[in-house]
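Structures for review follow.
Presented sequentially are two complexes of chain A, the first with chain B as partner and the second with chain C.
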Partner chain A sequence: MDDVVQAQTGTPPVRGAEIAVDGLAKHYGSLKAVDEFAINIRSGEFLALLGPSGSGKSTILMMLAGFEVPTAGRILIDGVDCTRLPPQKRNIGMVFQHYSLFPHMTVADNVAFPLKMRGVGRTERRRRAAEALKVVRLDGYGARMPSQLSGGQRQRVALARAIVYEPRLLLMDEPLSALDKNLREEMQLEIKRLHHELGITVVFVTHDQGEALTMADRVAILRGGKLQQLSPARELYERPANLFAAGFIGEMNMIPAQWDGAALTLGTGERMVPPTGAVVGTVGQGAVTLAIRPERLTVCDPVTPDALQATLREVVYAGAGTLLIAALPDGTEIRARVASASLPPALTEGETIGLSCPPEAMLVYGEEAAA
Partner chain B sequence: MSLQDFFRPDGRHLSRGGILLLMAPFFMLIAFAFLYPLISLLSLSVTEPTAGFDNYARILDNPVYGKVLLRTLWTALLVAITSLLLAFPVAMAMVSSSGPVAMLIGACILLPFWSSVLVRTAAWAVLLQRNGLINEAMQWFGITSEPIRLLYTQGAVVVAMTHVLMPFMVLPIYGALRNIPEDYGRAALICGAGPLRVFTEVTFPLALPGVLGGFILVFLTALGYFITPALLGSPQDMMIATLISQQLREFLDWPFAAALVGVLTLFVTAITLAFSKIFRFDRMMGGQV
Partner chain C sequence: MQNLSPRRLLLMGYVYAVLFFVLAPIVIILPMAFSETDYLTFPPVGFTLSWFTDFFSNSRWMGATVFSLKIAVLTAITTSVVATMATYALMRGAGRIGALFQGLLIAPIVVPHIALAVALYLFFQRIGLSSTVFGYVLAHSVIAMPFAVFTVSAALSAVDATLEDAAMSCGASRFTAFRLVTLPMILPNVLSGGLFAFILSFDEPVIAFFLAGIRDKTLPRMMFDDIEQNLTPIIPAIAVLLTAVSIFALIAAALLRRAAANRTAPEEAG
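And then the complex of A and B:
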């Protein structure tokens, strides 16, 4: 392959790869690990594949890398069909969950390894490895062995090894899950910075929604091998496409209700008229779910019109914010996260309170969306 | 000592006394059945028939003994190398297979242990004899026109000893290969290494501790091997174990046999020390894989 040894154009950012995935499927016997998955990833985009374990996110990454051959579908990288191309010919960078540094090589040899495989000369290799180590802020660590580094440092080395040959696509398979919380946050920023500096396209697999929302331009939510929603972080949080996405990302109050085409009837007969924008997708008459984020609720007088009446069960004070756990008359639990300063001073458990939310915070999902 | 003293306060590790207690029967067996006979034998070599190193001088004086020693080292080396060449692919196959296939390979490796070495050696004698299966097959295929001598050659000894000792090579290599995380191979591939380079740059170097362990085990066992060379080798191509046995049983020359044992022990010790140096060096390089 000609493009394996990439032309050194000098200054980054390189243009990231464009990826088109169409009808991708991976079946293991009767199990459909990935089913009819399609996505277009823009050049330089940071895409997160988010889902619980078994959702197919890792299988998709394995197929992008070339470790798994799809049962059906196509993967185009920059317009070139790579579906059946072996991984060593794809010119992709990859960071693995457990770093996967070669323990018998020094840090510098690890980072220079991809260059060695591409036939780059020894001095040039050393120079570029040192440069890549500088990019991940591990200047001068080249002579050490991986076993002498901390987890965070090892992951930086893995990152340096993945970018040293200036690939246009970087795959990351839950790269931060083995790190502790502080280090993870630091590395999130570090990876964001690198993405920005290098202009490389990144596909990042995670089961941590906070990580996906923080880092990615767009997030793809997967469940049972199927794409549930593909949107920018903010839209994903504020307007989940279906009940699964609504429940998977962040906290969500799910209130069962009846829908007659214009108004909602809650369990004990209260009627509410949500704004037209509140209905997500097409919702038929009958049983629906009213979804409201806990932080969109505010406490008000129980007799306020349109307020939900609820019995306060628990008040969990946590400094700046307070979590209120209450029950609607039909027993449905409802949670509100409110600023502690906005609360009336004497709230007692067992008391009846009113909960109200701005109309645009209401989302109505039909039953079929729960499938 | 109460049971409490057996453990360290953490409850999971043994106290020093506990370790000693566990090892005591084994130490006693070693001292009684190995160290004592070895020391008394070696002392025989420097006290009989006269005090001094006369017996060792005899080994040096007659080039025949040096030749036997060299042949023994060479044969053991051949056996170890052949075992390695045969065992590595088997270990690779074991690591990358699962379920019934893995069980089948494992059974093939362990099956020889269910029959005695004598039976396996005798089987080779049957195969290699003048009108045995191998000679007949070679004539049938037209490779040879008449039966050739296969039995009672160094080749027969190497082949049969490789067969007997190969499991000791497979198991440590298998252990080392199995400890290499799957992601290492993937990481090497995505870095641009083809399958062959994944092997030479990552898999083999990381399997080296297992290779060295298997190699030393097979080599040292082959050095002192008796039955197979005695049954399948020629008297002209004698190995040291056969020589020692001859000195003991035919010439009843215990002091000289003891000196030969001393030389063999010296070689085994030196080689073990050399290998363990390499081992430690390797551990320093690789950390824990």
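And then the complex of A and C:
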């Protein structure tokens, strides 16, 4: 697949749409599915809306598409107020979770459907549908019926249909969730390649954090209809804005501690002094949470200064990496993912080990951020 | 595993008895149409097609047939269109009156036709619709509606509602989305619902009895008149023709429904 990405480095044919969303809300009775949601999406950006089910991510997408009318707020697409515009007038490409191909039409007719709706002539429709099928690598599949295709092929057809009239905005509603793991990874790269080739703005809804981190330029984390964090993938992982984001993306050790403004006191009285940058947001004195990614921990001698002492409970060997599950003296579970090669040869369950991490790997969250 | 227990034998006997009593009259009446006698007799005497020729050459019979056909065709069209719109509204609409509306639509199955016929007769007399084509079409559509609603809703429930959303995201209006996506998929069932309506209307006797005027009579009404006055083998001849029409219509409806099943089923596998 790499060759294609490299072959397509010319200027993209379309400039992606710019989206400005302000104060967006959708209430169903007393339920606030989306509340005070605001975001600016740059032209050509790939944005992922990530959250558990019920977080409002799909509702936001449906409001962008025009299938849901917001209770409050505005949606501007390229500066035009689209808040109440019906979906067929928005010129948006959309890919649905279950492909939603028209089962009574051939693949070519499916792909040509948006062109037909725009009054494009038959020969021109055929030519452009064939071209779009080529872009998604389904050259020559035009005469088949959707029922004759595999899941991955159907999703490619759906993709071709969404991009055939060169929309400036592409919306995708968990498009890969119905595919198995290998196909999903392949399609992730495929969609990224298309985004790169076409230069259009993409808004992608997913509940799969790995997918969001892999594909998106920026990830918006949602919970209970509210935006939790909006950051590039790396920042999201390395410095989550709050405890929810910290726990939602990847694995995270959460160690309860007391904060006196300068140092942390852990459950059984160990004191640690984190670097000033470790404190996320404003943290008041009192109960806080110390968060450390499992892969930032390394095993050391228990007497090493500043190391956490822990009792080893389980050693889970998995080839290149090993997962160590241990308990701090106060009982808090702590996990470390270390390279198998770096481990001391004889680790026995029940022995006391030291766990240390670089100072910049420590993150301190206050109580209010725990929400 | 053939288990011929007494209970099973009893059940099979019962089923065949029912079939026998349903089919026997038809089996008896049909051969009478070919009898050379000018009264009804079984077994038939000789063989002639003259009763069929009589039927086709008699202007009163032909007039009634054309009148019935006209009503049946219009009923089929009205029923399939209204049933499709109503079913769509019931299944895709967000309204709360859906249950009530559905009850009203299928009520004619529960209400005895004679009660419906009397009510329609009194009502149509007053507003001048009695013995008009329009009146017949309205009355027959009411009777046929439940069957068409059932057939269409069976098809519509198999069509993914997001397909229309997908069509709209492609630039289609709600109506275009329905016309180009949903309608082609449910069309076989819409047509078979229309065929049912056609059959129901074409040999409907009860309402025809009440609504008939002096001149314009439907075929079943004419047959009643003829049975009272003459009772020649022209009646079994017409019965042969009506049975043939019904059988062809039912076969056509079954083929249409099978086409529908083939069309929508494979997509669900994904």
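The rule is simple: the second predicted complex is superposed on the first by the 359 of 371 C-alpha atoms of A that agree within 3 Å, B and C clash if a C-alpha of one lies under 4 Å from a C-alpha of the other, contacts with A are read in each partner's own complex, and residues count from 1 in each chain.
By our rule, a contact is a pair of C-beta atoms (placed from the backbone, for glycine too) under 8 Å apart; a residue touches a chain by one contact, two chains touch by 3 or more.
This is a predicted model, so every value here is computed, not measured.
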Q | Three-chain arrangement built on chain A, chain B and chain C clash or fit | A | clash
Q | Which superposed partner A:161 touches (first chain B, second chain C, both, neither) | A | both
Q) Looking at the overlay, does A:98 come into contact with chain B only (first), chain C only (second), both, or neither? A) both
(Q) With both complexes superposed on chain A, which partner does A:113 reach: first (chain B), second (chain C), both or neither? (A) both
Q. Taking the superposition as given, does A:151 touch the first partner, chain B, the second, chain C, both, or neither?
A. second
Q) Is A:299 in contact with chain B, with chain C, with both, or with neither (first, second, both, neither)? A) neither
Q.
Identify the residues of chain A that lie in both the chain B contact region and the chain C contact region.
A. 65-67, 86-88, 91-94, 96, 98, 100-104, 113-114, 117-118, 145-147, 161, 165, 171
**Q.** Of chain A, residues touching chain C in the complex
**A.** 65-67, 86-88, 91-94, 96, 98-104, 113-114, 117-118, 145-147, 151, 154, 161-162, 165, 171, 178
Q) Once bound in the complex, which stretches of chain B touch chain A? A) 181, 183-184, 186-194, 197, 201-202, 205-206, 285-289
Q. Tell me, which parts of chain A touch chain B in their complex?
A. 4, 65-67, 86-88, 90-94, 96-98, 100-104, 113-114, 117-118, 145-147, 161, 165, 171
Q | chain C to chain A touching residues, read off their complex | A | 160, 162-163, 165-173, 176, 180-181, 184-185, 263-264, 266-267, 269-270
